[in-house]
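For reference, chains read A, B and C in written order, and residue numbers begin at 1 within each chain.
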């Protein structure tokens, strides 16, 4: 008799469990989308014919002394597109494969209100914020500097930031001494040209942790509260000659 | 065989119970996650609706303390965002274009996630079909101090114009890293470098300025990039404040 | 009696096994769903690589006017021209160049687009649309940005938007698909670009034609207040 009850209970339990699983299957499983393609036919509408030949590409001149790492792309007139790489500086020992590509686009130099700057990084310290600066010199002591923006790496160490600002003509100046000049890609120009790009740890504490070195001193390469709260340079264009 | 049957019969109920609990937990966890996400979104919306934007409140406090210009409007934006607006007024063009106006809007998203600020400069009644340069500057008035060239703005035929650019604005600063120094940022306190907390617009071309303002004796300034030096014109628009505007 | 007990036991164990099989299927499905999402993005990333795009131009899956630039990896940069359509008679020299940049397709949050024009009607605002078809009736459309020409007819607009995989869809019929460079994709692909007069009155004045009719190619009130198309990529094959 008790054995009958046991089996009845087991059946009941099994049935309830099965029902529970079926219900949870209905709520958790994603319904695969039914492909019912309804591709519209291409209809040119019998409109006027237009040329089908590709744009002629040319390589615009870009200053006389740019660094050998700078690639001036062959592009359609009137655009100017340059690219160059950043290489690891302080992070080199721990992140030897860190790379970054900087792309600078000037649609039409005669008309552009600003340049588009795209910074793409890979294999960098993950989940970290870095600052991007235009600098006078690529290496210490870096000279005059301009804070451009930030780059925040993802969990896999990759990142991308896009800025709209003056890049190819960036310069630093103190108007109390307006006659200071330096040489630009176009020739002599006002101010101190900022023709290099670098990335810094935005926080020295983060840098000490990532680089496992509690003695790293702070640097000025971040804005905001607290002087010298930024970390060391992480990436550099590493060139003597200008890159922008 | 009987022993095996006893084992099976004794284990079946606990095993079935365990499987039942696990399957229900899986279903409940999934439902709970969805419910939690829904609740989180609802809570976030509610908190945003009732939110007193801490950064906006802080900026208004700075205004009351005389550390941010009273001409700055700190908008009541939703939490995590900061939006300020301030006017530009005619300086070098005041006599010829007295109705010239400008509005600057600076937006910062979440301070922890944003990679730049977005700045929008809108102008009206300015000299038409002229390119002006936009600079962040240390001082609103001459000698202007340290400067940073950020963008251009070209006015249309009716003297209106707009430009939008993305870079660091709220904590913009100038420095020579050989000797960076420190200064006081209106909002941040002591910071590295020289804080740039004003904005102005200059004629990008001296010749254009001389023509527009009908004054051939105007002198060149450094307020444009490229060759030759001092080829820019005078300042056209200024925020005109002593206290910082951003 | 014993026979019945054995058959019930076997049936019960079968039910248990079935329950476990269902549980396994549910979890496998969940993992499989997320894997297919990742696979989709990977396919898309591979499709938008310079070499792949050049092959597509060869196979006429991309228009022959598209130039895939020799950019540094991992970036992708393409350019194509715009030709005068509605402004051709009055402004036959009008030209345009569209530049689309992806810094790193695997990482990009959006594309960067620059539209440069020359010799167009001066001091006029044009709208920029992504469209399904280069020519009339244009099909589905997406309003992207404006461009205002200077007094010399030149102009530039730079904006950031999803471009290479732009599509139109009505989620009431979510199963509609069309071919993208990466294969079948949801919605109707928008793979052409055009510019329209934002104002019918501007168009009538610039083109000296008061019989021009209004079009939908601008946002806001009232409906059909925009002018005719000014510039087109003019291709049958996709330009992006």
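Note that contacts are C-beta pairs under 8 Å (C-beta built on N, C-alpha and C of every residue); 3 or more make two chains touch, one makes a residue touch a chain.
The structure displayed is predicted, hence computed values, not measured ones.
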item: Category of the chain touch graph - line, ring, star, complete, other; value: complete
item: A-B or B-C - the one linked by more C-beta pairs in contact; value: A-B
item: Centroid-based (C-alpha) most distant chain relative to subunit B; value: C
item: Centroid distance [mean C-alpha coordinates] between subunit C and subunit A, Å; value: 23
item: Subunit B-subunit C separation of Cα centroids, rounded to whole Å; value: 29
item: Subunit A-subunit B separation of Cα centroids, rounded to whole Å; value: 19
item: Sequence positions of subunit C contacting 2 or more other chains; value: 9, 12, 16, 19, 23, 26, 150
item: Residue list for subunit A, restricted to those that touch at least two other chains; value: 3, 10, 14, 17, 21, 24, 28, 111-114, 162, 164
item: Touching two or more other chains - residue numbers and ranges from subunit B; value: 9, 12, 16, 19, 23, 26, 154
item: Residues of subunit A that touch subunit C when the two form their complex; value: 3, 7, 10-11, 14-15, 17-18, 21-22, 24-25, 28-30, 33-40, 42-45, 47-55, 57, 71, 73-79, 81, 83, 85, 101, 103, 105, 107-108, 110-114, 116, 118-120, 122, 154, 158-160, 162, 164
item: Touch list for subunit C against partner subunit A, complex; value: 5, 8-9, 12, 15-16, 18-19, 22-23, 25-26, 29-30, 33, 63-67, 69-75, 77, 79-81, 83, 85, 97, 99, 101, 103-104, 106-110, 112, 114-116, 118, 132-137, 139, 150, 154-156, 158, 160, 174-179, 184, 188, 232-236
item: Subunit B - residues contacting subunit A, complex; value: 9, 12-13, 16-17, 19-20, 23-24, 26-27, 30-31, 113-116, 137, 142-154, 163-168, 170-178, 180, 182, 185, 188-193, 221-232
item: Touching residues on subunit C, where the partner in the complex is subunit B; value: 9, 12-13, 16, 19-20, 23, 26-27, 122-123, 148, 150-151
item: Interface residues, subunit A side, partner subunit B - complex; value: 3, 6, 9-10, 13-14, 16-17, 20-21, 23-24, 27-28, 111-114, 135-136, 140-152, 161-166, 168-176, 178-179, 181, 184, 186-191, 219-230
